[in-house]
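These notes open a run of structures that come right after.
Two complexes are shown next, each including chain A; its partner changes from chain B in the first to chain C in the second.
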Partner chain A sequence: MSQMSLTPLHQALRKAFQCIENNQRTWRTVLDECGPLMVSLGNLAEQFVALSKVDLYKTPLKVFPDLEEKLRFKLHHATDTVMGKLHEKLSSLQSVRDSISSQVSSVFQIQEQLSQTLDISVLTERSATVPSVADMMQWLQDADRHYRQQFVKRKSLLLTLRPDDFSQMESAPDRWNSLESPNTEHRITDMLCKVSFFTESQ
Partner chain B sequence: MFLLFCAFFSGSNRKSTALTGSARKIKDNAADFHNIILRWDKLNNEGLNIATKISNKRTQSRPNPDLLVVGESVLFQSLPAGGAEELQDECCKLQDIVKKMSGLVLKMERLLESHSGLSDLDQFRTQGLTPPLFQTWTTADFGESWFSPDLLSELDLKTLILQDLAHCESPDMIMVYLSLWIHEPHIPVQTRLGLEGLLLETGHRDL
Partner chain C sequence: MTMDLLRVLSVDPCDRGSQRCRLGPGLMSSLGLNLSSPLLVSISESSYLCTAWPRPDCAEGFIQMDPKSCSPNLTFHQSTSSHININQISPVQCPKLKGIKITVVVQSSDFKSNTPPCVIHELVKDMLKGVYVHKDHAVNLEDYGTEIKYAIIEEVNPDSERCGLVTSKTGVEILRVKTLRFFKGGVQQQNNTVPLGGLDEVRSSLREMLQLPLIYPETMCSLGLSCPRGMLLLGPPGVGKTQLIRSVAQEVGASLVMVHGPEIVGARPGESEEKLRAVFASARSMSEDGPCVLFLDELDSLCPRRAGAAAAENRLVAQLLTLMDGMDQSDRFLIAAATNRPDSLDPALRRPGRFDREVVIGAPTLQQRRQILSVLFEKIPVCSSVDAEELAQRTTGYVGADLSALCREAAMSKQTVIMKHFTEALKIVGPSCLRGSLGQIDLAPVSWDQIGGLNDVKLKLRQSIEWPLRYPDAFGRLGLSRSRGVLLYGPPGCAKTTLVRAAAASSHGAFLSVSGADLYSPYVGDSEKALAQLFRQARSCAPCVLFLDEIDSLIGCRSSGAGSSGVQTRLLSVLLNEMDGVGLKTEERRGSKRVLQTDFEEVCNSEVMIVAATNRPDALDSALLRPGRLDHIIYIPPPDQESRLSILKVCTKPMPVSDVCLEELAQKTNFFSGADLENLCKEAALLALEEENMEASHIRHKHFLQSLSKMTPSLTAAQIHMYQTPPA
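Let's look at the complex of A and B:
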């Protein structure tokens, strides 16, 4: 009876792991694309800082009226473009997070529905090829939490950037890189390896 | 009346490749204009690489702050062996780039002259009642797309950067020069859109 009622839960688990596997690649690609954009943001901030330190009227450039305003406008325009692209990337990250979250929460819903029929011994039973349901659900929750946290941290970093706060913008690339958490990423890959026999067996 | 008919005839020919009169000339000018801008952008990128090398050499050769008291000669002493020649080489390359850019500005001015001639001619022929040449623009509308004065002031700015970059000592100023080189502040953002509009209108780009 218990084995029978485990089938929908197993199917939902397989689907969730496949979803994580596919989205993990997308997530990585999007983050790789963000790197150069963050670097250009840092460069633009450096240019802003340099411009504000220099008095163009005391340099040979004084022959050009409004040069500072024109350059400042162009710098703002370039910053806008970069920020626009970063926000596009952010929404790709959001869709990765959303699809993983929805798969994981559907696993938990199914488990809740079946909680009456599923005995604790069934949930913790494991074999050489199939980890226990309890373990798999915990791994799913870990992965879900990782993507949620990563997304919120990266989003809040972008939201704190202001076009007039150059020091924030200048340090943004370093702060962005410091959000990387290779250990958790590695644990997710590890987890996908552990469930590979399970996901392949239909 | 005959002239008016001719003007209409060239307007109605807009789908055919055998354009005549003003439309032919404007379409060719638009292609030339586009090529000039492509060439300008390429030169600008090449120039940026050279200017970055020059600025790197300048910042590397900056005197150690501890040695500042020794005087101005420290700057030259601290240049690595052969540094001055390399700097000179790079400056010559940048000079070539600016020279080529000034050639492009000349070409652009010729295009502008040719266009104002066309405009006058059309005005004379049709007494201001010119029909659209391609889709919706009249000869006079095309005049707004050329941006020769912007390129000319941009060229002046680049010439000034060329003259001062290798002599500049402040790293901030060097950064501002590079920034000015990349962002071309005299060329307004909308001119790129104007160029795209011109290419769409003349049929060089498909709708």
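Let's look at the complex of A and C:
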């Protein structure tokens, strides 16, 4: 009886794990694409700093009129382009997060609907091939939280960048990289391995 | 029983920030909790809002809570209780919310000023999605690793709910952005405020003063007003000066920078000044986050009166003065200071522009004590039969600290507190203003019945001492002002001192007794100072009975010529001044000014009653005897026959007497004073022992007669005649 009522829940769980597995790859690729952009942002900041330090009138370049303003404009333009690309990446990260979130919340919804018929003891039942529902849902929630946290962290980094604060912009690539949390990533991969029998047992 | 208690374990690292509460699955189903359904764990006044999850190992009897959403006072000090009862856990309904209003706590004011509000809004909205929130809880957002640390839920929509789930459709409105330091300060303040009673009037004036410049600086500016920036609280120790500042600051929502006088003082020259400047700088930076109060406790130790030699302190005072003068309109903080020794402050501090306002908090009056007691009673299991009114009446001179000590003493390890516990505690806890006071005595209480005869004198004494202390409202109703002083005179040995003792025991006021030994000192001016100090102390715990025994030797007579040394005359003048002076010092004010008008509150000088006793009324200065000073002059006559009989009855009560005719003895003992009669009984008893060799079981009439024949009365007819001609 209880096994019967578990079936839709199991279905939804399988779907969610599938979704996470796919999106994990997408997430990774988007992040990989972001790396070079962040580095170029750091470079641009470095150029800004160099430009403000140098006195162009003491160099052979003084023959060019309005060189400093033109260079500054060019750099601003380049920064804007990079930022625009980064925001695009951010929105694709957001779509990854959203699809994971919606899958996870649909699992929770199904569980809530079935909660009248399902006892806790059924939910905590586990076997060698199938982890308990409670565990799997917890993993789902953890993964969802991880992606949301990652997204907020990266978004906050980008949103709080100010074009006039070069040192902050210069350190942006390092800070971007430090946001990686390989442990949690690893835990998600681990979790996907744990449920591999379950997902394939259809 | 043990099944109901859950052991609290710390949160697993992987659960941190997940708002999970790990329980045993059995407990979850018995509480009707589903997977990830919300529950509220309440610990005393505070609570945690979590979602229920079974423990991975399915073990029962443990609980692990992630403090993602909890009451603000738990955010910095996690609850230390090691066990939680099952009935502290309750499942709650958490519908999806339409909207919430929040206060955001950020790490630094730098972030606050540099980040556009829409960015904060967007980030916070992302962070709060999927979180169960409870009204007045703080949601911990630290795990996101941004500068945004907490969100405090101020309001939820719909209003009918206390908690709910934030979804992507929930509207988030940011009311304020606070810095973490400000928030922390506020929470810590909240943790150590004590409820205060009876200070409402001082409190409201204080609050107004804090609120106007701190909350409405623009209005003050546009009116061209420079707001007051300094405030000095004066009052005896224990009235709640420090607590008052704390609670008002918390009420207004201002952060508090506390400075205790001695903390500032450093060993090296210049160190103290540097620390003081640092304190002002920190107050200034705090005031950027929001209203701020800089509180200098025990100001007298920090800024004593500048005198020639002690240069280090002079520099400190000068530094404080310059810092206070250096504050300008842009500094949005207020300086408050408290002291119980206003006289020792440097006068330069006490002018407008520095400490603009001085608020005197006196020892609490009857009404204030009642309010304090009612606040204190809320916390202890008081039986309903306890009469707060009577307790307030009996605790004259007790300040707030004394009253709370009294309640603690009464409530110690008792299930319910009844009046008897309070009367016991009253014996242990005395008013602190009397501690170490001159002339404080422990007296064995004497009841009126233990004094034989003298019925009309007793009545007069009760009228003038006991009634005004016990029934002030009746006196007020009849427009009767109480007498300032009573002089008892009469031949020696006629129970003057004992009468006063009985009066002191029957009226529950404080009772001070001084003799020449307390007052005289080899230093010029010291005795007068001691007497003035005595009066000040008596006033601070008024109503109070001040007993001057043998006043003739204590304070001489001005007219007796060169014989009287200077000290006695000076003491007399101090006494006259204290009894009937123009007014009293401002820092001795009690209650507030409004109370002065109702005449049965103990406020004025008249509440200290002098009782003097002498056997030489002719040696007293006539100025002392006029109405308004010692206005009741009571002659205590030597006992007549009837009184002698009753005195003998009292004296022989503990003695086994047989066939003794006390009437006869009373008849034969003309001119015997009370002391003589007592001695007579003693002699008779000794005689009985002498004759019957220690085995005596009774004192017989003949023993009395025998000892009477050996004794002569101490009084003579001439002496008595002298007393009967009225003095002066």
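In this section, the second predicted complex is superposed on the first by the 202 of 202 C-alpha atoms of A that agree within 3 Å, B and C clash if a C-alpha of one lies under 4 Å from a C-alpha of the other, contacts with A are read in each partner's own complex, and residues count from 1 in each chain.
One rule holds in what follows: a residue touches a chain if its C-beta (ideal position, glycine included) is under 8 Å from a C-beta of that chain, and two chains touch if they have at least 3 such contacts.
Just so you know, these numbers come straight off a predicted model, no measurement behind them.
On the superposed chain A, the positions of chain B and chain C stay apart, so the two partners fit side by side. In the superposition on chain A, A:Ser115 contacts chain C only, with no contact to chain B. In the superposed model, A:Phe73 lies in contact with chain B only, and not with chain C.
Of the two partner chains, chain C is the only one touched by A:Gln141; chain B is not. Applying the stated contact rule after C-alpha superposition, one finds that A:Lys194 touches neither chain B nor chain C. Look at A:Glu46: by the touch rule set out above, it reaches chain B but stays clear of chain C.
When both complexes are overlaid on chain A, the residue A:Gln149 reaches chain C alone and has no touch with chain B.
The three-chain arrangement built by superposing both structures on chain A places chain B and chain C 120° apart around the Cα centre of chain A, to the nearest 10.
The wider contact with chain A, measured as residues touched, comes from C rather than the other of chain B and chain C. Within the superposed three-chain model, A:Arg175 lies out of touch with both chain B and chain C [touch as defined at top].
After superposing both complexes on chain A, the closest C-alpha pair between chain B and chain C lies 29 Å apart.
No residue of chain A lies in contact with both chain B in one complex and chain C in the other. The touching residues of chain A, when paired with chain C in their complex, are 101, 105, 108, 111-112, 115, 119-121, 123-124, 133-135, 137-138, 141-142, 145, 148-149, 151-153, 155-156, 159-160, 162, 179, 187. Of all the residues in chain B, the ones that touch chain A in their complex are 153, 156-157, 160, 163-164, 170-173, 175-176, 178-180, 183-186, 189.
Those residues of chain C whose C-beta lies close enough to touch chain A in the complex are 14, 17-18, 20, 25-26, 28-29, 34-37, 53-54, 56, 58, 111, 114-115, 119, 122-123, 126-127, 129-130, 143-148. Listing the residues of chain A that touch chain B in their complex gives 46-47, 49-51, 53-54, 56, 59-61, 63-64, 67, 70-71, 73-75, 77-78.
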